[in-house]
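Heads up, the next two complexes both have chain A, just with different partners, chain B and then chain C.
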Partner chain A sequence: MQLKNIKAQMTLATCTLLQIAAPSAQAEENEWDIDTAILFYNEGDSRVSAIEPAIYAGRELGDDQRIDLRLVVDVLTGATPNGAHPAPVAQTFTTPSGKDSYTVDPGDNPIDDTFRDTRVAFGADWEIGLDRLSRLTLGGNLSNEYDYQSLGLSATYARDFNDRNTTLSAAVGLSSDTIEAEGGIPSELLPMVVEGGSMNREGADEDKTITDFMIGITQVISRNTIMQLNLSLGTTDGYQNDPFKIVTVVDPATGLPATGAASAFFDTSTTGNLPYVYERRPDTRDRTVLYFKTVHHLDEDVINFSYRFYDDDWEITSHTFDLRYRYELKDSYLQPHIRFYAQDAAEFYTHNLQLGTDVDPTSGAVSANYASNDYRLAESETLTLGLKYGIPLGNDSELSFRGEFISQTVDDGSVPAGEETPDLDAIILQVNYSLVW
Partner chain B sequence: MRLISIVSMLVFLSACSSLGVQPWERDLLAKDSMQLVPDYLDNFYDEHIYFSKEASVGGQGVGGGGCGCN
Partner chain C sequence: MSDKILTRDQDCWRGCFSAMASPCEVLMEVDSEKLAAQVLDAVASEAARIEAKFSRYRDDNIIHTINTAAGKTVEVDDETARLIDFADQLFQMSDGLFDITSGVLRQLWRFDGSDRIPDKSAVNTMLDQVGWQKVEWKDNQIRLDRGMEIDLGGIGKEYAVDRCIQQVSELTDQSVLVNFGGDLASSCQRRDGKFWSVGRLITGKDQAVAMFQLVKGAIATSGDANRYLLKNSIRYSHVLNPKTGWPIADAPHTVSVAAKTCTEAGMFSTLAMLQGSQANEFLRLQGVEHWVD
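Moving on, here comes the complex of A and B:
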């Protein structure tokens, strides 16, 4: 029993350093810990729906080694905002392929309903005990979808001190991602063109590299409290645009998307140019993340709380609070969950570009270096409320059900009524089954 | 910001030597529900969902899988 406790403790100290942390080791050697789940995700207003089956399997290998494997499939359908804002007039856009178009009614959120994708992601972690108190974990992630591939590698070193009450860790992660946009990579800050025209494209694919360093400490405070503090520094280099996102060019005289009346460049009947330009983001992004977590055991129940502070050089700062309370019932448990997230806007986030001041009416040249109206870079808040119900089935297996409601609100600043970025509501339904095999 | 973070971590670390439990006092800490990440796949899904809807990423570790969703 004592050995098992120490093993669980070591696993806890080591594996939580990984982004996708391994669960506690309950299986004996030669047995697999298996966790399976299926998640249904649905956004309102005909936006994204997803079905995501996932499986995790982990086991001890002997000689102080352990392996953890995971596989997830995302099947996505629905529609995603294209970046243009709602307007009092009908708006027509060209699909990413350039071969088709779609029209959005006055006042409606411009969403591209050609969005459809399937993603398969596989990951593995191999933990190697180096000596009695230290261990190394090597990790790999491979992800593939229709237009995006990612290969990630990581290494984490962890060492226990202070009768294994303190664990210090250092980790490095490297990821190389490639995007092959449908129809080619759009030319930054150049206009969307009517369907069948000569699209503004440059090349078929782009790359980016993500590098992360982290140091962390996990500390047992008392018999019923443990805490963790991580500091991460990361940088992303390369192409970071969302190639399918555009920004509306507005005629300040009318407040509407620019037309030929105000700009020869945006006279669609002669030039084919629509009053929307493809976004452009900086090609470097440096971030600092501080993450704190504590788990506390009451008489029967357990509180799990975390706080994350995030700051990057796109001038986005965010705060994330997450609280789960496991309420023990006679032979099962209920776990309410609340999460609150708030972020500032990126410095180049803009609701629109103004003809004359931001965009030259004759040449169409955009004076700003960067511009994006991606709602994920706007000032926003997200509130999540959830409830989980779990039923242990014997010593080694458990069935659980989770439902969550996500509400995201975006603050565009002062924009005309009816042109605000719509709020987003989403629900999550999930079923888990775990076992030892 | 980085300086504050590093100083906080050092203060936290220096206080650690007086904290902790004896090996025979780890009964509660060894429970599944007391792990820092008690629900592996819940955490996995949440990281992925919020990565695709918000501008922030990371904190728990390094080496998360990339995705074209953001």
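Moving on, here comes the complex of A and C:
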């Protein structure tokens, strides 16, 4: 007998004899599973565009342990709505630094084009098999951008029951975020002031804490179907404003942004106050999320459906339906994707504030506790249509391409013509390459 | 089945019985005596079942039926078929050195420590009755030539250990070690990072010469403890080469191998013995943990 390596043959023969699953070669040989992707996102109309390279790497560590690492970089450029609504007159705003200004033409959506940022996020998960049926996953996330830092930690315990057909899991997550606004944190519900003026800022940074608890069940229904149901309760405590989002103060007599003619406070030439106040949101937000997912295998194809229900005490309720169908071709696959998202407006979402009723013309005091015209808090519907094409390349590597078209419609309620929040159309293009190394 | 004895050790329950001509031991890190007794029962009855079904020393089982069919085809059940398929794969993998038809050579070779070496011509004649390639085996149907026999004893004990571990896992999530005469496996890792300590016996010594510290998986040992012939200072090991009918030269006394299952560990230790002086090199090539003496 020539000496030769028969380890893989022997393991397979033994597993067949004992009727147990043969370990996959990659787990046995402790290789890295690597996933690389680059994503392009573009909202059009010179609004946000992003390039997002990402790399994921995971490997078994032996002794029932596994580690997964993620690194994502977001390079964002373009402009983002500042919160004021379009008006039939030209509108001038001060930049976040307070040292410059920009003017928006009559009828145009006010956007701040100084928006530019790079975000770097790193995450790691460490899964530890506790015994044959249960495991603990410890996770950490760190992200950093120009004016925002986030540190998150999580722990998930999962246990299999019922011949491993049922998995129960419980998780807790904690995140601590800090925002450092350029030029200082804007004072809530105080006006934006002309460039170079006294800025209405207080302090350099603010923070918030995000806490989440989740319980979940995953159930194998049949050889072809698996279902998952998660319930999570969470709360965010602390500063939750988008610091440079503003709300227009309107003179009801003219329907235009307030001027010195109606309010001494908003007489810009004497006070420096512009007819826009910095938004204010509550500093707690409690949410309940219910998530259901099912994967069903047909002979070759796979159907993937999920529904997410979200409800919080800002009175935002949302529903997300997501359906993917993986259609196997001869040596590749096509996966159409449709997603529908709908949400209600936050309780304090407002198109603008009215001089006299909402804002005192003399003192500028705002009577409402909270106000925001951020379109992300408005009633809206978003439809996403996508298609992915994947080519398995052998040796556990795969190349895939994904394109998605996103269309969002915001319902402002009854607002004067010309002041509506414009619809948002965006596209996503992604190239993904995964391999075992 | 022999009597089972259950005792309480320092940090586990210990069950003992005897099967397959070996002392059998079950160490259980379970809390209750009741569960320990259940586990011990399950292991002892599975060992007895496998011994009864596959022992070549009985006249009431499938092996006896196959070996006495006198040239006729015998249909076997699925479990027997899986074992024969496995033996067939080992025959291929070992280029014919592992052969379940080689047992008849033991009619000539009696490894009793004496100097009775068989006659060369008798061995050559006997070789006519050896050779898996001569057996017709397909679709659960086996046919041996008249005079040929099969013996699954080279697989049976390790197979029994793994089967018992499977049964144990149905009863408890806690760690259990099954040890049938030095072929052993554990069902899972012990609590608090502890390991199972098992003595390693090597040929010619009464006491364990070393301890295995098993965290998980299995260890199997092949050896020629007291089973050899000695003539003119030549030690003839009990490991026979089915192609020549003579013992493998320079076979190690004892080979132990660690693997995920006891069967895999046992087959590597057996194949290593069949490599003679190249046992070490063979095991290094497989990348398995091993001890050769």
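Here is the rule we use: the second predicted complex is superposed on the first by the 407 of 437 C-alpha atoms of A that agree within 3 Å, B and C clash if a C-alpha of one lies under 4 Å from a C-alpha of the other, contacts with A are read in each partner's own complex, and residues count from 1 in each chain.
Criterion: a residue touches a chain if its C-beta (ideal position, glycine included) is under 8 Å from a C-beta of that chain, and two chains touch if they have at least 3 such contacts.
Quick caveat, the model's predicted, so the values are computed rather than measured.
Enquirer: First (chain B), second (chain C), both or neither: which does A:V366 touch?
Expert: The answer is neither, since A:V366 touches no partner chain.
Enquirer: One more residue to check, A:V277. First (chain B), second (chain C), both or neither?
Expert: Neither partner.
Enquirer: Please work out whether A:Y56 is in contact with chain B alone, chain C alone, both, or neither, and reply first, second, both or neither.
Expert: In the superposition, A:Y56 touches chain B alone.
Enquirer: Which of the two partners, first being chain B and second being chain C, lies in contact with A:D147: first, second, both, or neither?
Expert: Touch status of A:D147: first partner only.
Enquirer: Who does A:R287 touch here: chain B (first), chain C (second), both, or neither?
Expert: In the superposition, A:R287 touches chain B alone.
Enquirer: So, A:G234: does it touch chain B (first), chain C (second), both, or neither?
Expert: After superposition on chain A, A:G234 lies in contact with chain B alone.
Enquirer: Output check: A:I246 vs chain B and chain C. Expected answer is one of first, second, both, neither. What do you get?
Expert: neither
Enquirer: Once the structures are superposed on A, label A:L133 by its partner contacts, choosing first (chain B), second (chain C), both or neither.
Expert: second
Enquirer: Go through the superposed model and pick first if A:R376 touches only chain B, second if only chain C, both, or neither.
Expert: Only chain B is touched by A:R376; chain C is not.
Enquirer: Of chain B and chain C, which one touches more of chain A's residues?
Expert: Counted on chain A, the partner with more touching residues turns out to be B.
Enquirer: What residues on chain A does chain C touch that chain B touches too?
Expert: 2, 4-6, 9, 11, 15-20, 23
Enquirer: Please give the residue numbers of chain A that touch chain C in the complex, ascending.
Expert: Within the complex, chain A touches chain C at residues 1-7, 9-11, 13-20, 23, 63-64, 131-133.
Enquirer: Can you list the residues on chain C that touch chain A in the complex?
Expert: Where chain C meets chain A, its residues are 82-83, 85-86, 89-90, 93-97, 159, 162-163, 166, 169, 173, 187-189, 215, 260-261, 263-264, 267-268, 274-275, 278, 281-282, 285-288.
Enquirer: Using the touch definition from the top, list the residues of chain B that touch chain A in their complex.
Expert: Residue positions touching the partner: 1-2, 5-6, 8-9, 12-13, 16-17, 19-45, 47-50, 53-70.
Enquirer: Show which residues of chain A lie in contact with chain B when the two form their complex.
Expert: On the chain A side, the touching residues are 2, 4-6, 8-9, 11-12, 15-24, 26, 35-37, 39, 41, 52, 54, 56, 70, 72, 74, 117, 119, 121, 123, 139, 141-143, 145, 147-148, 150-154, 156, 161-166, 168, 171-175, 177, 179, 210, 212-215, 217-224, 226, 228-234, 242, 287-291, 293, 295, 297, 302, 304, 308, 310-312, 314, 316, 318, 320, 326, 333, 341, 343, 346, 376-377, 380, 382, 388, 400, 402, 406, 408, 424, 428, 430, 432.
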